[in-house]
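Next up: the structures, one after another.
What follows is chain A paired twice: with chain B in the first complex and chain C in the second.
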Partner chain A sequence: MTGAIVAAKALSKWYGEVIGLNSFDLELHEGITGFVGPNGSGKSTFFKLVSGLIRPSVGQIRVLGEDPWANQPLMARLGFCPDYDNLSDEQTFRSFLAFVGGLHGMRGPTMGSRIEEVARIVGMGEHIDRRIGGYSKGMRQRTKIAGAMLHEPELLLLDEPLSGTDPLGRREIIALVQSLHAEHGHNVIVSSHVLHEIERLTPQVAVLYKGRAIATGNIQEIRGLIDKHPHNILVESDRLDELAKRLVGLPCVVSMQFSPDRTGLTVQVTRPEEFFAAMPGLVEAVGCRVRRMLSLDDDLESVFRYLVG
Partner chain B sequence: MYTFRKLLFSRRIFITLLIALFVGGVMAYATTQEMDTLAGGTDMLDNIVLSFFMPVMAMIYGSSLVRDEIDDRSITQVVASPMDRMVTYAGYYLGLAASVCAAILLVLTTGFLVFFGALGFGAGSGHVYGSMVALVVIGSFAYSALFILVSVLISHPVYFGLLYAFIWEGYIGSIPGNIRLLAVKHYVRSLGAHWIDVGAISRYNASTPGDAATVLAVLTVGLLVVGALVFRRKEFP
Partner chain C sequence: MRAVGINRIEYRPWKGRRTDPNRRLLVISENVLRRNLASKGVLLVLIVGLILVHIFSIIGAVFFPHEALTNADMIGGQAPTVEPINATRNVTGPLGVDPALLVNGSFTVVGDVSVEGTLTLTGALAGNGSMVFARTLFQMGNVTTQGYLSLEGTLTIDGTIFGKGTISGTGHMNGTGMVSGNVTGGGTTTSGPTFVGGGYLTSGLLVIFTMLLAAVVCSDIIADDMADSSFVLYFSRPVRTIDYFVGKFTGAALVMGLFCVLPPMVYALVMLGTQTGSDYGGGLVILGKTILAGVFTAVFFLPFGLMVSSLTDRKAYAGVGIFMSLFVLTIISGIFSRGSREWLLVDPFNMVSYAYRLLFGGSLPSGLHASHLAVAISLVIVVPLIAAYFWIGRKGAGK
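This part shows the complex of A and B:
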């Protein structure tokens, strides 16, 4: 377990009879690592074990070379952004960060200037004195990230930072997380239940399913496994017949099926990213108006079932 | 300081103001009754503030403090910080005790001013008030140590708090005999018996002041240490 920023060995965590993590083995190294898995796969349990909020039932975990349980000094080297929203609507960005800074022993002008700096980094400079109650979901996520990075930790733990954000907010947070590593030198572990989002963040991923790490490493290798299994994508639009004729020409499309009322089309594809890249051009060529388009496998349940055989 | 502000300047302040208004109303009504002013006023403050509202208000403030933060998960930032959790717990406790103390003093002062303001402060009322303030401070620290521990240990501390404040302190603590030794109120009033020389509290002499002070100190520190140790090893899933 040497050289790893986080290393888990035979790590298990039970909540009564419910299994959070099950004999979990993993080594994470410097950089950005994406944790991907459906709800209940153990992502949040892992984050809480790393940040010392809960203790392992069995096995061991080392974070930056130390046991995180009941190890408060280690917390100065970690920054944890939880998946839940625990911000007070009454506070402002500045007062929330001043509270967090106080907990980390920061005081006076040094803390004040650091808060201003962090506000700029997370793109909240203009909203620093506004009440959090008036923030959008994306702004609240950025405020939580700011709280986690205020004290310049070596390792940032971002649990579902993209959850509930709109596409624009998602893009901004992805860019922010990438800059946290590239420009500010933080090691980051970030989770999502959407593989495409993680893919945009980092090539280094760990895939979790039912409390186990079922695949770790470069996403291209994992995607190679996943791409052998067709994905189902639902498209709802007008002029579906014409769109379907064009879709047949895409090499990644395996099959298509219209819904009984012919308002939706389920397309089976082998490489979703190729499909999504081609769609804007096809839509423009056909001149149709797409009402909805979503990957039915985005909850990843089917993909994970495939990966675990 | 954060805990103090959070507790005092929240919805609980309205409960405190309502209680103060209620006590003011009761004391105003008492001024219309025939009684010895000093002894009567002292008995009223003893019964309403020391014996009843002090444990109840400590319960209202204390049993929800840490539990509320655990439930809304705002405690995450606190327990995921490098601050030693025992120090954090002590911080919560001091904020709670100061808030409870301030709230009860507001109620006590309202009752005192309404009653003695109407009937005349006279000789001795200042001494009674000063003694009651001291008892409120001591009682607030003792009750806060109890209720903050309860809020860390129990998922629904309000139910326990209600039972304790009304049944244990209110009922058990008033039964004659040694069983009342099991209530915090007994020791607070035993101290009061040696500081106040009028009213029923002056005749309450079940424990010596030394014993009462020792028990209150040991109880407060003991509860605080146990609570800090529990908090240090507590998981926050």
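This part shows the complex of A and C:
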């Protein structure tokens, strides 16, 4: 377990009869690492264990070479952004960060200038004195991230930072997280239950399912595993018959099934990216109007079922 | 697993000035203070309480001539006086009757008297008026007589008399206990009394509003952190459970101090500043005692409040729970103190009132001991503190 920023060995955590993590083995090194898994897979439990908020039931975990449990000096080197929003609407970005800085023992003009620096980094410079109650979801997420990075931690733990954000906000946060490592040197562990989001953040991922790390490594390798299994995509459109004829020609399409009222078409594909890339051309060629198109497996539940057999 | 493809820049450590970790609890207290001073509920209780409890007294201190600041100004009646039994004293003023009063002598009633509680008479009772016993299941503070009682015989007191009624007579009062309040009449009273009651601190309103304020301040102090998981905000930082706990307690105590410490201090200073006499030394001692009494009052209800707040994540439940729990103790005390006077010490109102008496040189009602009071107060403070700390540790992060 040397050289790793986080190392877990036979790590288990259970809450009464509920298992949070189950015999979890993992080593994470410097850089950005994505944690992906469906709800209840153990992501938040892992983050709490890393940040010393809870104690392992069995096994051991080392963070930056130390045991995180009740380790206040280590906590000063970590920055944790939880998945839920507990920001007070009455506070401003500045007052929230001043409070957080105070908890880290920061104060005075140095803290003031650091708050302004962090506000610029997370793109909140213009809203620094606005009430948080008036922030959008994306701005609130960035405020939370700012709270986690204010004290310049070595390791940032971002639990579902993209949750609830709109596409634009998501893109901005992804760029922010990448810059936190590339420009500011933070190691980052970031979680999401959406594989595509994590894929845009980092090539290094760990896939969690039911409290276990079922796959770790480069995203392309994991994608290869997933692509061996059909992926279900629902398309709702007019002129579905013509569209279906064209879809048959795509190599990635395995099968298709019309809904009983023939207003929807469920397409099974092996490589979703290939399908999504081809769709705009097909739609244009057929001249149909697509009302809705969504991946039925986007919750990743099925993906994880594939991975675990 | 090793990340690839990112040009990592080395970690830049914090270059600012970090403070002592102990200072971090002050950040938490400051946050509690700010939040409470922005809370409409807290402000409402504070303002109403300040007007009803403090402002009128302070105005009175300015306009009513007085020679010096005395203990009696704080806890009522005359200055505490311990006189030998069978000494004789003429007094004037209102009187209430303690529910456990034991009368061994005789007296005559020429007016009406209403007693809420139990009055035990082993002597003769003669009267031209009527005597009404309005027994209640529990008492809130002092029992009050509403009518007039005239004495022509001898009244022997083994208990305590205090209240707001009026007693007048030509008889004698012989006692080994205390007379709290004043006796009106042309008769004589033979007793070993400390004359207290109806003072600035012991009016009863102060304790009621303090309890109400504690309930409002403590209702969300921990419950809200549990409800919105703000615990993580604290415990994922270099903040220990004790920092969090002491920080919250200190913050709440500062809010309470705005009601319990500051106004009594102002009252004492105004009394000192407007006195006609020249004894400032004694007044300064009383000022010190007043600050001590204020600090005691400010922190007395907080452990209980913190404990209840740590048991639920519902602010409303916590607020009502704190208030009702304290009243339950009062009810229990009211019921069982008829059997044994020691149960009076279970009532938080009595604890505070008796502590004031001791602090300002008075004595406890007969049958009660200062050591027992100290134990009762310690239990009310220490046990909830430990319980709250334990629960915060458990629930804080599910450790």
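A few comments on the model shown:
The working rule: the second predicted complex is superposed on the first by the 305 of 309 C-alpha atoms of A that agree within 3 Å, B and C clash if a C-alpha of one lies under 4 Å from a C-alpha of the other, contacts with A are read in each partner's own complex, and residues count from 1 in each chain.
We adopt the following convention: a contact is a pair of C-beta atoms (placed from the backbone, for glycine too) under 8 Å apart; a residue touches a chain by one contact, two chains touch by 3 or more.
Worth saying up front: this structure is predicted, and the values here are computed from it rather than measured.
Superposition of the two structures on chain A shows chain C clashing with chain B. Contact with chain C, but none with chain B, is seen for A:206 once the two complexes are overlaid on the shared chain.
Shared-chain residue A:55: touches chain B and chain C both. In the overlay built on the shared chain, the residue A:86 is in contact with chain B and with chain C.
By the touch criterion stated above, A:73 is placed in contact with chain B and with chain C alike. In the superposition on chain A, contact of A:100 is made with both chain B and chain C.
Common to the chain B and chain C interfaces on chain A are residues 15, 48, 51-55, 70, 72-73, 75-76, 78, 80, 82, 84, 86, 99-100, 102-105, 147. Across the interface of their complex, chain A is touched by residues 1-21, 23-24, 27-28, 30-31, 38, 228-230, 232-240, 397-399 of chain C.
Considering their complex, residues 15, 45, 48, 51-55, 70, 72-76, 78, 80, 82, 84, 86-88, 99-100, 102-105, 147 of chain A touch chain B.
Taken in their complex, chain B has these residues touching chain A: 2, 72-74, 76-85, 232-233, 235-237. Interface of chain A with chain C (complex): residues 15, 26-33, 48, 51-55, 70, 72-73, 75-76, 78, 80, 82, 84, 86, 90, 99-100, 102-108, 110-111, 114, 147, 151-152, 154, 178, 181-186, 202-204, 206, 216-218.
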